[in-house]
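First chain written, first letter: the chains are A, B, C, D, E, F and G, and each begins at residue 1.
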Amino acid sequence: MKFKPLYDRVLVERLESESKTSGGIIIPDTVQEKPMKGVVIAVGNGTKSDKGDLIPLQVKIGDKILFGKWSGNEIKIDDRDYLVIKESDIMGIFL
Amino acid sequence: MKFKPLYDRVLVERLESESKTSGGIIIPDTVQEKPMKGVVIAVGNGTKSDKGDLIPLQVKIGDKILFGKWSGNEIKIDDRDYLVIKESDIMGIFL
Amino acid sequence: MKFKPLYDRVLVERLESESKTSGGIIIPDTVQEKPMKGVVIAVGNGTKSDKGDLIPLQVKIGDKILFGKWSGNEIKIDDRDYLVIKESDIMGIFL
Amino acid sequence: MKFKPLYDRVLVERLESESKTSGGIIIPDTVQEKPMKGVVIAVGNGTKSDKGDLIPLQVKIGDKILFGKWSGNEIKIDDRDYLVIKESDIMGIFL
Amino acid sequence: MKFKPLYDRVLVERLESESKTSGGIIIPDTVQEKPMKGVVIAVGNGTKSDKGDLIPLQVKIGDKILFGKWSGNEIKIDDRDYLVIKESDIMGIFL
Amino acid sequence: MKFKPLYDRVLVERLESESKTSGGIIIPDTVQEKPMKGVVIAVGNGTKSDKGDLIPLQVKIGDKILFGKWSGNEIKIDDRDYLVIKESDIMGIFL
Amino acid sequence: MKFKPLYDRVLVERLESESKTSGGIIIPDTVQEKPMKGVVIAVGNGTKSDKGDLIPLQVKIGDKILFGKWSGNEIKIDDRDYLVIKESDIMGIFL
């Protein structure tokens, strides 16, 4: 099953962040409030302008992105967890 | 009786989601906070621009869509339950 | 006495909804939170654009419409009850 | 003394509404929450557009109008009570 | 010392309102919630449009105006009290 | 060290206001809620329009200005206190 | 690993502020509420206009900037701390 986000939305798969302090102690996810990393799985056709034109997104499939921990909506497709977020909630791309 | 949504609104019939944990226990709907799936039954003529033009919607009749659990207004037509939601509340389309 | 709504407003006469459960018990109106049906009695000349143009409404006199239960303002003309609502609060038209 | 409202404002004289129940009991004004009727006494030169043009108002002097009970500001000119309201708070005109 | 308001602001000197009931009892100012009268002392060069043009104001020096009791900021110049208010807070002009 | 404000921001040095009642009693600053006076030390290149043009500011270096007591952000450069405020928070210029 | 901010965002490395009172006492960071200094490490391609054009930013890599203490989101890249902030939250540039 495939999913096509609408307009300026992006389907994202979260990347597990390695969470160890310098002493090697693992910090559970709920303590971290830093932004999250993810990989773009699918992108919408673009932001809808006032005139109805679609302005293409800057992120593309495969981009490794950074986004706010609380951005977007969780969604499950074929038993895997994804996020649907708006491109405006994406802070940047890891090169 | 037929219903024509106005402008950027869409008439949606909810799809029952199968809600079983891996152990087979059924979770009642009110516990789930994930987005909902539905099928588009009717669409409006488009978003009204500042100049009065209608910008056609991207979803069309028959599309299987994902939308926020709390989006839209419930409506009953000929004893069946539907939702009227705005296209901007639709996250994407299942292909 | 006649009433001409201004701009994007519409004069509506509410339709009594038949409220019976399957067992025939009548539910008083105040319990229902579903949208309301009504008939359009008069319409304004259109939405005022930023440039001062009037963009004609899509609903017309006689349309049977659906709108939110709490939309608009109640008004009494010649001892009959009406609602004045904005077209943007109308969800759609029954065909 | 005369008063010229600015831009999209309108000077209105309230019409006393006859408030009797069918049994003839008079209801004091503060109980009624329905919209109010009034007569337009003076109008501004028009809504100021983004470009600085004035878009003429649709109401004119002498119009009998309907407006929200809590709209506008009370003002006293030559010992008479008036309201200054914005045209966007006027619901419609009685013909 | 002279003061030039910026853009759509206006320098206003308040007019003392005579506050007597019909029986001649004086009502202190803090009880009145009606709009205030004032005289325009200086005006800005105009509202700044989106494109950077200045749209001249409609009020001019010497105009006797009506404005909301709580509008603007009090300012003292050469030991006299003034108000700096935006033209959009002025309801109209007494002719 | 020099500081260049961005876009519509202005660097301001506060002017000490002489705060004596007619009887010569000094009122500490925290009691006064009137606007503040200051001198413009540096100005940004202009307000950014929707199209990306820069609209030059009306205030210039050396202007003695009036602004709201709580406007802007305090900043210390080379051990001196300044304020960074937006031009839209400036009420006017003393000539 | 490199990071490219999206649109009007900027990657910033905070500069440690020397916090000593005149008597030499060090004030811990959490007491200071003044704006922060930082160095621009990477910039986005520009603000997205309504028409989809990108309006280039005014800050560039290497600029020493001033920004609000609570602006932006903290992010860790290769074990170093950075901030991602929007250009509109930058008050100005030290020359």
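Odds and ends about this structure:
The criterion applied here is as follows: a residue touches a chain if its C-beta (ideal position, glycine included) is under 8 Å from a C-beta of that chain, and two chains touch if they have at least 3 such contacts.
Note that the coordinates shown come from a computational prediction; the quantities given were computed from them, not determined experimentally.
Chains that count as touching both chain B and chain G, per the definition above, are A.
The two sequence copies chain C and chain D touch through a face in which the numbers common to both fall below half of the numbers used overall. Averaged C-alpha coordinates put the centre of chain E at 41 Å from the centre of chain G.
For the pair chain D and chain G, the distance between C-alpha centroids works out to 52 Å. Annotation for chain D: residues 50 touch two or more other chains. Under the stated contact rule, the graph of chain-to-chain touches is a ring, a single cycle where every chain has exactly two partners. Those residues of chain A that touch chain B in the shared complex are 1-7, 9, 11, 42, 44-45, 48, 50-52, 73-76, 84. Across the complex, chain F is touched by residues 34-35, 47, 49-50, 53, 55-56, 58-59, 66, 68, 87-88, 90-95 of chain G.
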